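Once you scroll down, you'll see the structures, which are given as structure tokens.
Below are two complexes that have chain A in common, paired first with chain B and then with chain C.
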Partner chain A sequence: MNGYSGKILHIDLNKHKTWVETKPEKWYQTYIGGVSMASRLAWENIEPGCDSLAPGNVTCLAGGLFAGTPVPVGGKYGMASKSPLTGFIGDSLSGSWLAVSFKRAGWDGIVVHGASDEWVRIFIDDDKVSFHDASHLLGLTSTETEEAIRDEYGDDQVRTACIGPAGENLVRVANVSNDGRKAGRTGQGAVWGSKKLKALSIRGTGGISVADPETLLKLSYDILQAAQGPHTQKYRILGTTANMLNMNRLGLLPTRNYQAGVFEDAELVSGEYLHEHYKAKTIACAQCPIACEQVGQVKEGSFAPAMGHIEYESLYALSSNCGVGDMEASIKAIANCNELGLDTMSTGVTISWAMECYQKGVFTEEDFKCEKYPEGFEAEFGNGEAMVTLTEMIAHREGYMGDLLAEGTKRASAKVDEERDTETYKWAMNIKGLETPGYDARSLKTFAVGLAAGVRGGCHNRSAAYDPDIKGWVDRFSVDETRGELAKSTEEYAAVYDTLPLCKFIRRCFTGKADREGAWPAIAKLINATTGWEFEYDDVDLIGERAHTIKKAFNIREGWTREDDHLPWRWQHEPMEGGPSAGYVVTDEELEYLKDIYYKAKGWTKEGLIPEEKLIELGMEDVAEEIGV
Partner chain B sequence: MPTSTSKYQYVACDPTKCIGCQICEYVCSYTKNDEFNTYRSRIRTVRAHKILMTAVACRTCENAPCVIACPRDALTQDPVTGIIHIDANRCDGCAWCIEACDFGALSINPETKLAEICDLCEDLEEGPQCVKWCPKEALELSTPDQRAQRARHKLVTEEAVRAK
Partner chain C sequence: MRVQVEFLGVSRLATGLKEVALNLEKGTTFRDIVHMLATRYPKLIGDVVQPNGETLQVPNILNLNAKRMIQENQMDEGPSDGDRIILMSMSAGG
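So, the complex of A and B:
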């Protein structure tokens, strides 16, 4: 088999032993890699119904089909487990060298089972696996951990994924970090923490052989050249932070915990402002010719010398969303999250929930006592120092507030409402427990159903249904019968990229057109040159539907029902204040109608379950046996 | 401290342009060894810090220390191009050349256990493949003199603009 080794590495932390599983070619043709293969491995290896922080949960890594080859933006891997935030599938995607290393070490996937008694780190040196005491690494930040391990081996090509203090403390919004990139969302870091797994390092010294290297090189070279042109200009210059002002103009920029969609100080936290005053460098992930990552640094003042990787989704969450119009506070808060091992989005949205609780008198200064501020502090919107301090408190579960917010908005609001007889759930901005992304969906009616039905919760990466709304292909303020099909087709489009995986920012560089007709034939050629298969347009298209289906199947087995496809209370009951999107909500009637037409488009039942014949049609017979109806 | 006083061309990397993508390594290893394997690349990217990165290949030093260090006279330097040639029949993989190089530009091939070094793809009409593929034009084949000359021109142009 070209492009794959055919081998999955299983690691048992209970007994510190390993075994190898071989998979047939058909399995690879069905699940490919990335989030699809990782989710399939989670489906096969998890104890259904287990507590997400118990040893029965597994953490699964799946490599990239193109990792370790010159195919641009192919250096990514997928990670999956049962999410400590949602209780459903937690799947995450991260770029960079770890993906390349583990492919070159000869593994298509890695499954870590059980939990260690003592803190441990794993080293995979090609085909040898060893377990090492990790007690001396405890408390180290993600960068410090990576460097400590690299120094120990004296080899730059030993690549490490690790958790920071947040993961060690079982913070539910903790991430896994590698090479400065993150498997960011759904709380993967807490799962690692529950296994007492501080780090997993890989050295792969083997070469990658592909079916037709000359063709692959030629295709790659053309994509690489196109990636220097207008199709990626936005990403190369401002990166994703360009969205701050774009979303603000549309009245969609989450402001003060989604109370508004226009932020008066947006200019001060814009990508343009970052670029002019704070940009240190733009860098790339492994094998990426675009380079979109904006590294921002605070040069003087109380937040110096903080350096953070600034993406739009991190920036909205930790600026406008907290009412903070101070770029230096945002860079510091993002840098804290990067280093302490927190998902910037969930952390920012959880902090903004606390700020709204403070604004509404649910919390007082005293609730925010910590070592730095023994009397507590005023956690009002706009207070950059409060935002920064809260990131540190969350990572260390420090004080009442740190421990509370470490649970994410869903659990924190439930706890507070129970204790204080309040209704803070009304501004707990999450879907299935995962905090919402940087687009207010009250006036994005297609995206609203994409988010509500999102298998991993509120996520802009898995549902790309904001595209038709924002680009004006449909009227974003109203609902019509086309939206179910649109939500389906955009989420499955995204799933193709997340499964190969290829970074979506390359999508216009194949032919100039990002749609299926523009991209799928080119992607089929890349797949065929790598594997020797004979994939055509329809085969590529099915990659996305299968990826989405295995994740949905996982959720159904964990007890998912139609009611779980919901929106935050605020988006359904409080009309947007001010700006171009003022006055809109997603009504119950609209949401239920949208779910109906979306399930229908997916070929599911009215209850949102998957018919047996649909699963068999997708080549997922064993899944049909378990959850098909 | 670097000791290169090369008068020859070599593949130089502008660290302000390098994004650390490693595409040069993939292309080099394929060109030289028919496989995609960064361990077998003759140009190596280095990330010293989040934002400090560059790529390093042979700098074709004059009186090259690697040539002098070789106890078996396996290394010779072409007097015209400055390219270091390694005689596989003489090299026994002792790695003294690696120790002698200030730039970490040599490596031992893990399969043959013999030393390898960038030869500027001298057998290819297109020249160094890493330069051809570098997406940010961070890599170029030039001499230190050429780069110094360009720096002077740039300085003069900037000063002239400022004086306007």
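So, the complex of A and C:
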């Protein structure tokens, strides 16, 4: 089989043993790689109903079809487990050198079962797997851990995915880091922590066979050329941080825990301001000709010499959404998250929930006691030092507040509301337990259903339904009968990229347009030149539907019901304050209608369940037997 | 008629300006405005405006009064007196 080794590596941490599983070609044609294959492995290997932090959960890694080949932006891999935040599927993507080593070591997937009694790290040296004591790595940051392991082997071809202190402390918003990139959202780091798995390193020295090297090289070269041009220029210059002012101008920038959509100090935390005053360099993942990642550094003052990888989603969460108009505090907070192993979005949104609790008198200074501030501190919106300190407290579960916020907004608000007879859930900004992204959906009505129905919770990366709203293809302020199909279409479009995986920033480099008509034929050619298959437009389109369906099936097996497709209370009951989006909410009537037409577009029942025949049509017969209706 | 053009993102870096006021003849279209901007600020050509000097590079787009994105097939329409036109490049993700 070209493009794949045909082998899945299973690792049991209870007994420190391994075994190899082989899969038929049809399985690969159905699940391909990335988040789809990782989620399928989660479906096959996780004990249904298990506690997400118990040994019955597994962590699954799935390689990229194009990782290690010349295909630009194909150096990515997927990760999946049962999410400690949502209790449903937790799927993540990360990229760069680990993805290449993974593939070159000869594995299509890796499944880590059970839990170790002692802290352990795993080393996969091509086809050899060894287990090592990791106690000396405890407390190290993500970069320190990667460097310590690389130094131990004296070989920079040893690439490592690891957790920082946050994962060790079972912080539910912890992520997994590799090569400066993150498998973020949904708390993958806490799953690793529950297994006492500090790090997984891979050295891959083998080659990757492809069906038609000459054609693949030619196709890759053409994409590479296009990726140097204007279609990607905005990513190179400002990266995604350009969205700070865009969203602010449209009245969509989350501000003070989504109380408003316009931030008065947005200029001071904009991509343009970062570029002018703090940009240290721009870096690229392995296999990437775009280089979008903006690295910001604080050169002097109390937050120097903090250096953080600044993306829009990290920046809104740790600036405007905390009311902080101080770029230096934002860089420091993001750098803390990067190094301590925290998801920047969930961390920022959870901190902003706490700040609103302080604003409304639910919390007092005393609740914020920590070693640095033994008497506590004022956690009001706009306090950059408080925001930074809270990132550290969360990672270490320090004090009452650090331990509380480490649980994420859903659990933290439930605990506080029970203890203090309050209603803080009304401003706990999550969907299914996953904190919401940097687009206020009260005036993005297509995105509202994309988020509500999102299988991993409040995520902009899995539902691309903000595209038609923001770009004005539809009236973003209203609801009509087209939105169900649009939400379906955009999430499955995104799922194709997340499954191959290819970075979505390449999507305009096939024909200049980011549509299926332009990209799918080109992607089919890449798949065929790699594997020797005969994929056509429809086969590529099905990749996305299948990827989404296996994740939905996982959730149904875990007890999902229609009520789980919800929006945060605030978005449904508190009209947006100020700016071009002022006055909007998503009403109950609108949301229920949107869910109806979305489920119908998906071919599901009114209750959002999947008919057996639909699953069989997608080639998922065994899934149909378990959860089909 | 007088309109205000705001520059965000790459267009701000290219022009070095946050915004500029334009005095326009009645009947001026959005396409005319792109052409005027490209003529006045040649650094926009390439990353923001296509070499023809009148078509925006995808995904640069004009927004009218922070409410309405001007689609390619609406570029022959025009603004009204007092409108604010925002030239932005939309990025997704992060």
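Quick note on the criterion: the second predicted complex is superposed on the first by the 629 of 629 C-alpha atoms of A that agree within 3 Å, B and C clash if a C-alpha of one lies under 4 Å from a C-alpha of the other, contacts with A are read in each partner's own complex, and residues count from 1 in each chain.
To be clear about the criterion, a contact is a pair of C-beta atoms (placed from the backbone, for glycine too) under 8 Å apart; a residue touches a chain by one contact, two chains touch by 3 or more.
Note that this is a predicted model, so its numbers are computed, not measured.
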Combined model on chain A: chain C and chain B, fit or clash: fit
Is A:Ser478 touching the first partner chain B, the second partner chain C, both, or neither of them? neither
May I ask you to decide whether A:Glu311 touches chain B, chain C, both, or neither, giving the answer as first, second, both or neither? second
Looking at A:Ile208 after the superposition, I want to know if it touches chain B, chain C, both of them or none. Which is it: first, second, both, neither? first
Touching A:Leu217, do we find chain B (first), chain C (second), both, or neither? first
After lining up the shared chain so the two structures overlap, which partner does A:Ser130 touch, if you call chain B first and chain C second: first, second, both or neither? neither
Quick check for you: in the superposed arrangement, does A:Ala227 touch first (chain B), second (chain C), both or neither? first
Once chain A of both complexes is superposed, is A:Asp156 in touch with chain B (first), chain C (second), both, or neither? first
Taking CA centres after the superposition, what's the angle at chain A between the directions to chain B and chain C, given in steps of 10 degrees? 80
In the superposition described above, what is the shortest C-alpha distance between chain B and chain C in Å? Please give a whole number. 16
Quick check: in the complex, which residue numbers of chain A touch chain C? 230-231, 233-235, 237-243, 245-246, 249-251, 271-272, 275, 311-315, 438, 460-461, 464, 466-467, 470-473, 504-505, 508, 512-514, 579-580
Where on chain C does chain A make contact in their complex? 6, 8-10, 12-13, 46-47, 57-59, 61, 63, 65-71, 86, 88-94
For a test of understanding, state which residues of chain B touch chain A in their complex under the given definition. 19-23, 26-27, 29-30, 33-40, 46-47, 50-51, 53, 110, 133, 135-136
Residue ranges of chain A touching chain B (in the complex, touch as defined): 68-70, 72, 97, 100, 104, 143, 156-157, 180, 205-210, 213, 217, 221, 224, 227-228, 280-291, 295, 307
